[in-house]
């Protein structure tokens, strides 16, 4: 499945748009990136869950588009001095090399896909030796006890760390404390009392949970909520204490903590506290 | 194939295709259904294939066992097959394979995909090994759209462990150890067994003894 | 079998007997050892068996994949085999997964970061997927300061693609875009304002989509 864009100058799959721009059939100048991003977000909301692969693909192409567009928008060479020129050439060569490499591997991927399809038409013989040879095979369970089996089961079922889906880099700079604050001042007065766990149960990313937590601290600072936690790592309960409900945007945040810059690397996401434990 | 009447050849080849991928004897009824021909025709075709293999002195033969047809190695080449089975066979289960067996034992009936989800790696190879050794067997199919094969442990598995039924397996309990415990467990395992605790089922277990 | 020289027949039949009980591709080396003949002879015999099956239009075929010989159903009878084996069909890979797989296949051993640099996006999720499918596995660590895990393709990858070894991958060079395409890309990247995008250029290259 490929994500499709619907904008004034183009209607179709996103990667096709990139190819058309490459073929100079659509002027990158006329493509409004904001429109595409809005369309993508709307589509994501419609689907209800974030398809990581789709989102990744989207980002790859969107990033390339941004770079293409930057090149087009930059002033002509007359205005730049030599050093900037060189830097520009370097950046352009780098981008060109990257595009060429991308195309090369997507061509190779097509062929691998065809090989896979062709090979899937045959099925391997996997029957193994029949019962006439059974006694020849050594008993693999020699010396294994029921206790060994239960230990192995516990190991297999418990030892694996929970899967952490690295959504952090996909929402970078898009999660703001202000937005989280606006959500909270609508949700909290309605419910009166909520646990932080319930409050963030539907968060799409760790970054959003962090934003909610920072927004809560902001509200706490303004004495609009009460926070209660029974012991370290205990459930965090939030009680709305402000007199009247407040509308979105009416509680501004200091500019300094406006943006939650999510960690750039996915592995970093594991170390971001989920908020419920502080 | 050339010994067969021309119009039979495609049907006979289709039978060969199904029998080569089958891991259990296939009943004439099922073969008839698959090829949309009569059971009598299936028996005729299998008879023709069987005598064809015999005449051509092939290394495999077509036999009817347990109510179904199956391809198997010809008794004349038993010595080679035995040498191969011994050569190829691991002497004992790796830690990773034992974990897969344990998951099947406690979570049966369970599909390959569910085992893979718990193990975090593809488990097809290990399940194939466990099935071929008779510790694990297909016990049914999932109701879901994919109708995935569900696996369970066998009587042989219980016998080898000295248990009467799977109910006699030690209770799994609410076992959620912290990281330190897990690490300690793994250390113990590493030192008590010479088998490495493999994280990857795909590299098949090698003989250690 | 009858097409083979008389003195080869018993050896060829012994090969058939071993291959019919094998669950994985069997290396020519192991076959040579079992039959006490040379590897070259094994290859010759397998080649003869293979073309024999083809001529006789059998329902199975002999192929060399992942460094070994194996029997498999003939693609012509896929429909029957698919009807017979309900599950098991591994899910097809997405375009993004295939692209990452291609990068690992051609550039192995390669780290996650190197894959990400080529794809332009974080590749952790896709590599985890490919690892869990058994197509890709850690093969070592980088010497550099980070000691990054290096990934390579597995035997299963070769099996699933029907390749004998990674050397059989089509040469990467044939996928490099041609000069016209590269020039077109370069034109787009050119920043000079006095070179607006020419409408008359549009016919030079057609979009593939």
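Letters A, B and C mark the chains in the order given here, with residues in each chain numbered from 1 onward.
By definition in this document, contacts are C-beta pairs under 8 Å (C-beta built on N, C-alpha and C of every residue); 3 or more make two chains touch, one makes a residue touch a chain.
Because the structure is predicted, anything quoted here is derived from the model rather than measured.
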| item | value |
| --- | --- |
| Distance-maximising chain from chain B - centres being C-alpha averages | A |
| Geometric centre: closest chain by C-alpha means | C |
| Separation of mean Cα positions, chain B and chain A [Å, integer] | 39 |
| Gap in Å, rounded to a whole number, between the CA centres of chain C and chain A | 30 |
| Whole-Å separation of chain centres (CA-atom averages), chain B against chain C | 25 |
| Chain A, residues touching no fewer than two other chains | 123-130, 133 |
| Multi-partner residues of chain C (at least 2 other chains) | 19-23, 60, 71-74, 81, 85, 88 |
| Parts of chain C lying in touch with chain A, wherever the complex brings them together | 19-23, 60-61, 63, 65, 70-75, 78, 81, 85, 88-90, 92-99, 101-103, 105-106, 118-122, 124-126, 159-163, 170, 172, 174-177, 181-182, 184-194, 197-198, 201-202, 204-209 |
| In the complex with chain B, residue positions of chain A that touch it | 123-130, 132-134, 136-160 |
| Chain B residues touching chain C - in the complex, by the definition given at the top | 1-2, 9, 12-22, 26, 30, 34-35, 56-60, 71-74, 76-77, 80-81, 83-85, 87-88, 111-112, 116, 120-122, 124-125, 128-129, 132, 141, 146-149, 200, 202-204 |
| Of all residues in chain A, those that touch chain C in their complex | 2, 12-13, 15-16, 19-25, 27-29, 52-53, 56-57, 59-60, 63-64, 68, 71-72, 74-77, 88, 92, 95-96, 98-113, 115-130, 133, 165-166, 169, 265-267 |
